[in-house]
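Inspection log for the structure reproduced underneath, given as structure tokens.
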């Protein structure tokens, strides 16, 4: 167990180091997020009130599209020199490998989200600072759900033709309950109606728990067969 | 043996369906508020429930595949999902037609409609992914995992959308709350039974195709390896 | 007790059997050259021995235990067709990472020693992506030997290596053998393999059709074994 | 010149044939478009009138998301067995290779767009049939712009040396003028206010011309370098 | 006039010169074995000869013309580390495509003939993705020979081939030589290369340090040339 967690950290560190070295995915997804934000502000010439009503929805759309760019790379990065084989052959248990990769993607995606949030607020004249900490909590919870399922699907689709296309088709529908929850809570937080968000939050948490345990349990089948 | 089962199920299903359609359109009077179009219910609802039934079969078979690695389970799972997709589509299309008559629109992002569409999309991904994996063991394993993920997701979808629930266009549950005339129950139940029979026949046909395809595949590989 | 025992192993890819009941026993300390034509199933067998895929039927044990065991995996070194190092990490970083995952005690010293042994010290901080094909293979060799594995599974290890690198690899393998390691290597460069091999196994269409000690005539005439089994019906 | 055009057609046919053989890419990107539609409907719970106001914007967002997936594959498809080397070594000029790949992606993306349009209309109860031909014109023009820049960036991504210089960050921001133009024109067309769309259309056309000539001219440096 | 002439070619990767003034003249009809240690620059040189990368300094001419010329390119066949065929096309479709790109007059006939020569006729309509490693290499060879190139540039062509496939490749190369083609091949499987080579060129750290005819002693002792230059300072 302890060995496994340590191995997970090594994997996460390796992924983060290579990612920060080239910053390829990070740059692509931040710029993607910015463009989507900009486009939205061009596309929707909405009034202030109406905009507040969809603010959470927009935010999470941006996050989930940017997230896909990061999360999908997770296992695919191991393909080029058959590195995945070496990792699987090592004494580390499969769940540790999976956890390590999830942690790395989670950190990256969270960074992208934290960079986009102020930009989003700025572009759309939204007040969000007052609700930063609760928003950050929702972001953490929902991002974990996005990452854990995304990385699992990244492992599932390692040998799929057209995986870049397949992955979102498989992943997004699965995310709907999580996103619906996160969108509602975020809208409520930004609008300052933090009253009855608990129910939606519960779905997000349930999603996290169910898919984390399911993925950790099934990952051995996925990786070793 | 299997061929015979297909014929028997098919013929039985067809006969029962004819009898049931007779009951629905000739014996029963039109619905009070909606007239004849209300009888869409007799296909619309059984189709949905049949679809759910076969999705359930699929998840059980997927788990069985992971445990036993027996390809038979994989074949049953994929056949069930394909057939269930067809019935989901029947439900969507009949609902859409019905909606066009009653509401004047084909579609709206109402909770029931959306969750049904979601269900369709979840399994559409499954069907799209399968042919994209070249190696059969891997294909079966990954498909099983997807089916399990999808099944775990559906309750969450329903819960989330219930909460979200901004628009409610679709009728509230009438079956459980007794909003349906007593005379409507037997044809409804028969309708479900009929569709289950037909679906079973379709699954069997698909199973046979799967088996044949696997054989062809292995023969071709054998040729290449020589 | 044999170090590796594969007992009637079948492996299906779909319905196609790449292995059809291959049986192989490797005594501890042996060096087996696994020969066979293209598509015979060498890679498939080695991958199963290395736990990278599961046999459809049959049993594989390593030191008498299931090959799936984590402790067993730490004692195996595997070098496949792919070189298994990261292009975006330097040679040194690559070895450090694998050292950590393999629970090597002093990773830094071990990594430096390994680089030294394969002659890559000079490009220690160069990225693997910038290496030539042979340099990459050397790095892969260093990676596979890093944790002083007791069992070495090598899939065509001599590919793309120049004479010096082959000499280095020979030396590494001899060292390992001297320390009591067990080696199974597949290859098409029979001459290079025969110098070291103590045993020879011939795989044909998914079956092991010959096992035995390496005889002097094999060293003199590498094609001998193939010709022996040439007459077999296709 | 004629030889080059012929070679471009061979390349386009090859790409289209591999895509159509399994129809995997087509199916996947159409269902991707459906999934995105679904996500939008959750994020934006708008009334009918408001929806008309953002209809063009949404449409192009769907198109550009689906398009990115198709277009980015263009050159990456040549990587696995070093096929790109063989193509470059062949007597065909680099621009022909590039043009062939662009044509294939363009056709695919246009098909995806034509399939998604009615679905989009159906799901959102939009009337668009009256404006089909002008819409089709805009689609052709803007899709060409998306494709030509996307395929060029796909080529850059293949080349390790350039990847670090011309980060893919640039692609999405690059598209903004094109998309803004296309969105405005489409919204106007769907709402039936086809009066002053010429100015925006001019931006789209200018974008196409500039980037087509730029890409055709620069492709030799990108591919052979 | 020499078929290929590389005149003091330099190639920098960043600041690192992989080629440092390599000069090579290949007379028409010769078969040159390009030898050199890992990282010497063989692949880099072959890629420059094949127009896949541009030299930083120096000049390459093929049949007296710039290698960048389109007509010249049609007369070159290149087989690199990757096999250069599409996994999602059948063997036949692959050859048809390359035939069209190479302006081969009767593509269908040429493709069928090429498949015949490498022994893949039976799996003509099989997808390349389902081929075993050796079959893929055979298809790659068929592709490289499809347009009867007058110049063949082969980078480690014998890698991973079994004895039978090597025999097929030898035969193809002999045929080509008999028809007057010029061949440059890099390899570490010196023995296999020496059987065919008429000339030998040794590349060391980016420079050609030896060119000359293949002598009988090279055939008997493949390491001879390397040992000759062993004393050179690193």
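In this document, chain identifiers A, B, C, D and E correspond to the written order of the chains, with residue numbering beginning at 1 in each.
Operating definition for what follows: contacts are C-beta pairs under 8 Å (C-beta built on N, C-alpha and C of every residue); 3 or more make two chains touch, one makes a residue touch a chain.
Since the structure is predicted, the reported quantities are computational estimates derived from the model, not experimental observations.
Shared contact partners of chain D and chain E, listed by label, are B. A centroid comparison over C-alpha atoms places B as the chain most distant from chain E.
Its C-alpha atoms superposed on chain D, chain A is turned by 175 degrees; the angle is given in steps of 5.
For the pair chain C and chain D, the distance between mean C-alpha positions equals 47 Å. Between the Cα centres of chain A and chain D there is a gap of 26 Å.
Counting partners per residue, chain A has 22, 161-162, 166, 169, 173, 176, 180, 225 as the residues that reach two or more other chains. Residues of chain C in contact with two or more other chains: 39, 81.
Multi-chain contact residues of chain B (touching two or more other chains) are listed as 118, 121, 124-125, 128, 132, 134-135, 137, 164, 221, 225-226. Interchain contacts (touch definition given at top) occur between A-B, A-C, A-D, B-C, B-D, B-E, C-E, D-E.
Within the complex, the chain C residues that touch chain A are 47, 50-54, 70-71, 73-74, 76, 78, 80-89, 93, 97-98, 100-103, 128, 143. The touching residues of chain E, counted against chain C in their complex, run 13, 16, 36-40, 43, 81, 132-135, 137, 156, 159-165, 188-189, 191, 223, 226.
Partner chain A is touched in their complex by these residues of chain B: 66, 118, 121-122, 124-126, 128-129, 132-135, 137-138, 141-142, 144-146, 148-150, 152-153, 156-157, 159-161, 163-164. For chain B in complex with chain D, the touching residues are 105-109, 114, 117-118, 121, 124-125, 128, 131-132, 164, 166-167.
By the touch criterion given at the top, residues 69, 135-137, 214-215, 217-218, 221-222, 225-226 of chain B touch chain C in their complex.
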